[in-house]
């Protein structure tokens, strides 16, 4: 990269203009996760991207989970992680650990990281200011304190944006009786994006996007219309772990968000590439 | 209490008028801790008091630690709590646990409790919005990640108050390099009170106040001028665990807070009694 | 009262919380009159109640007449008060006296009294800022300058509330030609409450409320639905002087005010009891 | 006047431009009294002038007394007006009458008159919002409830101006104990002008201004520097009833008001002439 | 004029009150042109009128062309002015001259003139802030860069008014491709008035107004209803150069402006006469 | 440039972060001129840079002259440009042409160009809103209407920035008598930068910067302290046409602007390079 001349650098900056114009003053909700949350270089790049976007007038909201950190902590207290259909079985003790790890460790570490890039962030969880209300998720097998969002209150997020902070949101939520639930972060991001009338929902993953042939990255499908999703499911192009993520995208677009994108978080600065260039990184749903 | 007639009740309310007038629009910082944070009835009473005070136009800020919860969690992961001169030795692993327990569990539980009393709260720790900056505490024996506050940034607290939230603050703080420190909650409350130009700092404890004869509660000293503290220390009236708490009070008053009070958190609604009645509960430093 | 412990006092304050929450930021219009306006202790208690309510964030508006003071002044100038069907016959000279006594004496004395309780009040009459417009009341017998409200302009009242003042309103009004009319204070309070979208209209009277058996106070009817009023009139439960007062209540509720209450002004702090406790004082119409 | 062509009319309007520019956004306090308050045509002209000035962006404040109306009312109740050194002896009963007549009758009638010229006014007395605080005037002979202003609180007047109202002020005031005093209107206007940092204080009188030879109107002195007043008193040019009025002017200028003017209220639209033309009407003190 | 007494002057001012009340806070768009833009005395009078109206709270917007100045400049560069059906044939070179003369000379000279009357003005043309968008005017014969307004963006005009400036607007406009067009000033004024929801559009001309008999000024028709215009055209009362001007008036009224007036700019202060007196100067269309 | 990968592009954007942070919310005044104002590609690049900077929260102000356009116009009217000591001799006729060409042609063309890059601009000259006041420049030989700035009024520029416009300023100015002067654009930019408390003044030129050896571009001096300028003049490094430009830089820094930079306008996007990269383009004075 050092071999790029300063004139080329200026040209690159100049070419970002129409993209910044497009998103100026708009809200972009980013579901942060996967490799981009583990690899330190990627992590630094994500934080730098967030601060840059905020600075050029784009309102970014970061939503995160933290599966690996939860599992590690559970292991530390001698408790095994137990998954049912891909969802963590969450007894009361696990729910406490989830709240602690997500709301106290992962969340605040991200806030500290934003600040190290000279940005300002505020770490919230779904409990703060009544941001997320939940009830027990209905399912065939009992999952314990796994929650289903019943209500999103945008005020604390909008207050944080108005105060010049990047809201960093850990996805736990409470009900009226004070029970705390573990919430799927993709779903939470999708619901928050809808409530905020976001311009864009970005889900960071560890795959290249939706592939026509899942073994060949060059078969990436750059753009999918949400009305085509049922057919893609039937023919098996959308399958396995992609299903819930793409369902989130579809749901978000249905609730009025202009587009939802699945991007490859393993690429450094993938958020900037998605927002500020015309490159077809990942798969966009509209 | 049920035998108080409604006329007497109205009279009690009417008598609160001058006290509300005195504190209207002012900031009161409350260091929450001790028994009032353990006993469930007391806890409910404290939350109800906070919501009432906020509602009548008094800006309350709650600062809390959480020693017992930290010790319990450490025990759970098979680590023993180690104290040196009354301060917790905090290695990196302990610092992580402190951050998690205070910022993720204790803090968010309090936020949820405020909401159950129909108030609105925002759970912050010293990392959020750069609220508290710290460095390693200098001491003869190494205490690990025990921090000394170097800077207080009132903006996130004032933003929360302006948004109509009760700020609930967990006392961990970071330095420029991203290290996270365990901060003594009394000290943090004192520094925050000073930075906010609070009207009053209230330290909730498990004792009646400063006693002339420490074995007899009826010898409570209701009012101490900060200039008399050195003499009281010399003569032994102020001794042991009281010293750091009273030093906090003195420091706060020196930095411009009108008064600092040590109250007995074991008395239900002790905060209301302190603020809204003329009863001499606890010991006031001016 | 002095025998109530400070812990009980705090408990009483704490129990006011849900009521303050309910009325916070809402407008309550109080028609002041009867004994509570004559007895000095009651008067002081009313003023203290107003200032307390304003302070805890409830917007109070006081509307008053002043029959006894008008009669006294008329007597002083050697003119007899003359009533037709309970309404004062008001010739031009009497209208001048009404305006003077209500707008200059009673009104300003109340403003001064609020201030002695460290509150801030602004004394208005219906002429100020075009608050009340009236025309001659149509009736079988000529009543002179007795007026019927044609228009209520809420702006001067809302301006006063926004400025932090308790609006104290004397019920005289003018027409486009500059004639000044004597307005029934109950009616004026009802119309002002409706125009302000008040939460509650409180009529202070010298009776316990609506009684099933008018000779036994223990037969108080605490709650009446406005749709039941015609039946209660037919069966004679509502009769005599109660009719116009209850008609005001009905009219106010019909115009959108949530509730209208007739309370017993002879009870000290009856306003606080009505608003801040769950006691069934008086009769509520919804 | 009907013989003035419309071109000449436009020229007159155009010539007012620099005067409006000079006073735009400034406060002018007018002490209203004398013939201009009795003759109906003059009264209408004054009200029209006030509304015009307010409309073109000049903040007018009207201060009034009402000696004749007070005397008439006292006579009505069979009480003789008693003057000592030109000041009304004011026992408690008289004080009540003063408050009633000024605050309830004269004041509200003026408010109604402003409104008939399609302006908006708010009638205040010194009691409202703590506008004027007074104590008993010290004098050799006891004058009863004649007051000396101890404090002026500009807030209610500024609130009224900000709300778009012309403040009309009756000059009674109270003390901390709730006593109500009769205040000289010239003095009150002077003190209010000073507190409001007014641009101009205008005293309406029934004379042409200060005359070099008091019997010849053509000897009008158009401009007096306040430092020349003592000499003018010594040589007798300023004498009799002029002394207190001119003392008010001097005091006002000393407290920072740019100029104080004594104008002849018997001339129709004398206020407009003073403010919007370069005519030397009356005597100006600077 | 000097023979008008100061009392008559005040009366004239007082009589302007209802007219100022009527236009207070409203927008008046004035198309400036003809003799009033050539004769220096008339010019000064117009500027003085604008500043006066702005000062008394009426929002004036000045729209101007500059035919004679354009012709003079064209002559200077040795190019003849060429008119087709009364419209200037505008080749590229002419368009440049039009832009320069209107936007750089006439416009800025007017701004300087306003300032010499102690007003504040901002000189804009249709290009600034995207105020006027145009396309090539369709016509039988090619007119070159003569434009037809496609869009009016009121924001820069409203911003200027909010900043306390009189917007002075030169009528050139651009299209998306950057071509600059010469716009008829009457039309531009009409469209701007409609977009601003103006109260009044005033077209300054060199005639007395619409005359029943075009040779006798005393046959002025003071008021025309827009629905009567077709008939007046048919019968020949509206003919020749009057047609496009009156079409502008009709169009403006149809788009919601309350009235449009053709006034005689040769009369000094004709704008003041139109707005601030009840004189029938010119012809009003409603 | 097309061979830069999208990952490298993102990295370039990410590297701009600290520079945007540094200038965020600050004012940068750019003196536009030379080749960058003639070559169409360079012109487009400059406009694109301005719009980008405005969008990312940097307040840009463009100041321009237009020597070549003036000369061309003068030639068109058959008048020769006459220069004395590098300054244009400006008789009344020339002053008119300067005002027309700068204020009407060059200025408005730039505004149109900004808009074609989807930015918003407002074209002002020194006459608008009293932005620049001038007097005749004192010099040994008479230069006619060449002006010396006597006063800068920042309000119209700040108003334009607050309204979201890029202020584009043509450097003509008037005096109290209405004379219009031709102002040197470098000087005007320097004075405006000082009055706006700008962070940076950028002078666009047609040279590489200050060279140690004027024939070899590689001897560019990247940074000069203003206190070293006198020595550099004495030794001849600063000479000829560089002297007035560097004097502007020195003057600006002396008046409190943090830095002034001479950049090479022949390099595309030289403004972005200067502000958003760490490249040493041109010579910086601090």
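Which chain is which? They are A, B, C, D, E and F, in the order written, and residues in each are numbered from 1.
Everything that follows uses one rule, which is that a residue touches a chain if its C-beta (ideal position, glycine included) is under 8 Å from a C-beta of that chain, and two chains touch if they have at least 3 such contacts.
Remember, predicted model here, so these are calculated numbers, not experimental data.
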| item | value |
| --- | --- |
| Each chain counted as touching chain A and chain E at once | F |
| Chain E and chain C - chains in contact with each | D |
| From chain D, the most remote chain by mean C-alpha position | A |
| Distance from the mean Cα position of chain F to that of chain A, given in whole angstrom | 45 |
| Between chain D and chain A, distance of the C-alpha-averaged centres to the nearest whole Å | 69 |
| CA centroid of chain B to CA centroid of chain D, Å | 57 |
| Junction residues of chain C, two or more chains touched | none |
| Chain E residues touching chain F - in the complex, by the definition given at the top | 73, 76-78, 96, 99-105, 107-108, 111-113, 115-116, 120-125, 127-130, 155-156, 159, 163, 165, 170, 172, 174, 176, 178, 180 |
| Sites on chain C touched by chain B in the complex | 1, 4, 6-18, 20-21, 24, 45, 48-49, 51-52, 55-57, 117-118, 267-270, 272-273, 276-277, 279, 281 |
